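In the part that follows, the structures are each spelled out as structure tokens.
Next come two complexes built around chain A: one with chain B, the other with chain C.
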Partner chain A sequence: MAFRYEFRLSGSGGQGLILAGKILAEAAAIYDGKNATQSQSYGPEARGGSSRSEIIISDEEIDYPKAVNIDLLLVFTQEACDKYCKDIREGGILLADSEYVTKVPTGNFKTYFLPITEIAEKEVGKALVANIVALGMITELTHAISKDAVESAILSRVPKGTEDLNRKAFTVGINAVKRLIKKRP
Partner chain B sequence: MSCDWLTYVNERRRHNLLLILEELSRLQNSDNINFIIIGALPLLIRGYLRYSVLWDIDLLFRDKKRLGEFIVMPKSPRLRIINYDDDLMVSKSIASFHTAWAFNKAWFNVDYILKKNIFEFFRSNREFEPYKQTITLAGKNFHIDINCAHPWDIIVEKVLSPRTEKELDLKIDMSIDIRHILSVYNKEKENIHFWNHVLDRAAYLHKRERFKEMFLNILSLAPDLGYQEVDVSPRAKVMLTTS
Partner chain C sequence: MREKNAELMTGNEACAEAAIVAGMRFFAGYPITPSSEIAEVLAGRLPREGGVFIQMEDEIGSMAAIIGASLAGVKSMTATSGPGFSLMQENIGYASMAEVPCVVVNVQRGGPSTGLPTLPSQADVMQARWGTHGDHPVIVVAPSTVRETYDWTIKAFNYAEQYRVPVILLLDEIVAHISEKIALPPREEIEIIERQRTTEPPEKYLPYRCYESDIPPTADFGSGYRFNVTGLSHDESGFPTNNPMKIDALYRRLNRKIEQHRNEIIAYKKNFLDQADFCIVAYGSSARSARRALQEARSQGVKVGLFQPYVLWPFPYEVLENIAQQCTHFIVPEMNLGQIAHEVACATKRRVIKINRVDGGLITPSEIFERIKNVSV
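Right, the complex of A and B next:
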């Protein structure tokens, strides 16, 4: 059966989720040799309000570029969580920044609540790289795109002088999920 | 492959991009221009960006009427268009409508944009001219004749954009706009024609001093954003500090 994976990343403007979506799609299409689409849309208060990015990756050509059955939903606001958690497929994954999302929804999906922004601030030293930390988490949770591909896509998007910082943010995200999974029964 | 910039388009997506650009060439109204391509693509086509990403196509429309006409215009029966938005997303200075276009399932984001006064800004450039090229790919010729914004005008608009100001304030090192600005700067920093052009164009927008201030800010903050290789060249200093 063909491999198809759907992501939706949602939060508010300025959290870097549109860019994170682009990086995921580029990792899959340019560095992992898969097919990928990435869409972006903003709420009415464009660039300051809500933002949403959907990424579809597939081994085969993508016939329809909209996400219809979400495998992984990443949310950085309670509003996004409330609005989109119903779209997660059975057995899918909800990843949320626990600093902003406090009400845990119920559903037939796995939930991972992690203080993503706080981890970025404390372990990397910069809250702004929370989107890259989240990419590390997504990579480790899904294994849908290779780590090397995501790291290459990140590095192709950042200035030379911030490569180490972003590489660290990515690794910190991977390790945070590894620790969490180890703790779970 | 007969043109250098296509090297930076993912191999499996090149054919579709050229088909879309051919289609857009047909859909533009040459007598009374209905849209102009803005954003990263003109910078890529004109040789300023030399890296591989999934390029989007940004179409800036003259006005809402032209956008409405464009949406219902008959298009190639082989072209599929999927709307990502239900309606035009409107904010203070920009309205946008996001779509995906494909001839062969390699989807490209094509964003329809309305921005107050900016269409006329791009159009009023005396050096404005379409990108005309016949590109050969895998033995097939693609005839492109499309209105693209002048790369230096794109930089003026980006330097003055509130989004750039915000990203600079927040020191966002992944800012796409700042990356574009610095890519063009690195290539043109000693070119007097470039400086005269951008300052004249900023003056057209009545923002010459603001442009100089913002450009200097970008250059002085570039090392903090990870662009250690960017320096304030002697010519840039003169052009941006003298009145």
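Right, the complex of A and C next:
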């Protein structure tokens, strides 16, 4: 069976999930030498409304680009959590921002509840980089893409002048997961 | 380490880059989801390539502007979605009638009206062929990946130049917005075709006189040639005529120039059709789902193959007729209520199983696979 890894990043419009998805796909495809696609689904609103970004990583050509058997689901809203946690594969990972997601779903998957936006605000200094903090967490939780690859992709995609801020956000995300795993191995 | 020659690109970005490689130096358009990134990229890129980008007041003006620019000898393009494509129809007819090479990108959305701006659809297949009135020539192509979008944008310009027709590049939201790994081909491997220009001096030039073929040589406005261009039926001087013989000759030639070359224009890909009992016919992003369904079905021993037309119009009737000598059932997944399915039935005279989705979702591989299983037992 070919290697296929599926991510879905979901929340509402403006949270930077489509950019985060493009960064993950670029990291895997351009810096880790695999195949990757990123596709998205969002509403007609300029801001708000539900937004989701799906990334497939594979060692073969990717035909169907949507996630059906999710390895990692990131949720930034309760609505996204309720709607999508049924699509996580058995043994997969749910990563939720505990500030927005309060009702914890149950299922055959590992759940990680972290105050992602709060961490971004307090440890990095800007709530805006919550998406990049989440990328750090995803990288550390899944090991599906190398850290170097994700960092390179972040730096190639973020606006000029914000590289240090985003690099810090990525590291903060990685460390938050490391601390959590130490506490509950 | 960054992989050399590899890029992560969306279909819309690939379309814009390919158009520049094809020699397109004039874009007029009005941004509309899900096509806007084509205009966005070209607004930045074209001025640096010595080209012109204009944001027009609407899509009627956009289409008129690219016709004007093309008559001045510059390869021209516009990009839109459903509602804008509807507005362009009258001037697409004008381009067909006046034989003005141009490329119109329609990133389809669900319709009618403003419909589903951000979600995928393939419901403009018939509009692309018959949206403008009258018997008219047009070529329509529909890629399924970012790389195919790159290649077919270039070929769309080649067809437009070679046959002096508007060429419609039909994309959908998946193909347009997906980010995919792509290795761009080296420029020297890319074939670029230019329109045949007249060798007559300005005083002898007749804009619609044909010589060896049904395609009259062109002259560029602004290069000393003066001639009339009209949407009325005209003779070889370009002026309107009511002479029944000349009218008949014009309409028959306009359509013959595509019909006679249909075998050179038609393009498709066959997968596992050599020993297949059933055939899936899929285009655009539905072909992506079909490829996955095909793999699953083959791995379970079902004798199914895939026919993916890159060129939708002219439709490959003869090719499918041949496949029907061997395949008993045809499965046609498309994100509309059955547009190409009808053409497949017409060509094959076999049972056609339609798989249709119009809720804004991409048809899934399992939806196709389940139907194949039902047919095969």
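Heads up, the rule we're going with is that the second predicted complex is superposed on the first by the 177 of 185 C-alpha atoms of A that agree within 3 Å, B and C clash if a C-alpha of one lies under 4 Å from a C-alpha of the other, contacts with A are read in each partner's own complex, and residues count from 1 in each chain.
Here, a contact is a pair of C-beta atoms (placed from the backbone, for glycine too) under 8 Å apart; a residue touches a chain by one contact, two chains touch by 3 or more.
From a predicted model like this one, the values you see are computed outputs, not experimental measurements.
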Joint occupancy of chain A by chain B and chain C, clash or fit: clash
Chain B versus chain C as contact partner of A:S152, first or second or both or neither: second
Chain B versus chain C as contact partner of A:F113, first or second or both or neither: neither
Which of chain B and chain C A:N35 touches, first, second, both or neither: both
Which of chain B and chain C A:V68 touches, first, second, both or neither: second
Chain B versus chain C as contact partner of A:E26, first or second or both or neither: both
Chain C versus chain B, contacts on chain A by residue: B
Intersection of the chain A residues that touch chain B with those that touch chain C: 22, 25-26, 29-30, 35-44, 62-66
Contacting residues of chain C [partner chain A, same complex]: 1-3, 6-8, 33, 117-119, 174, 177-181, 288-289, 291-292, 295, 362, 364-366
Chain C-touching residues of chain A, taken from the complex the two chains share: 21-22, 25-26, 29-31, 33, 35-44, 62-66, 68, 152
Touching residues (chain side chain A, partner chain B) in the complex: 14, 16, 19, 22, 25-26, 29-30, 35-49, 61-66, 128, 156-163, 165
Of all residues in chain B, those that touch chain A in their complex: 10, 12-13, 51-54, 82, 84-85, 89-91, 94, 96, 98, 100, 102, 104-107, 109, 163, 166, 170-174, 176, 179, 223, 225-229
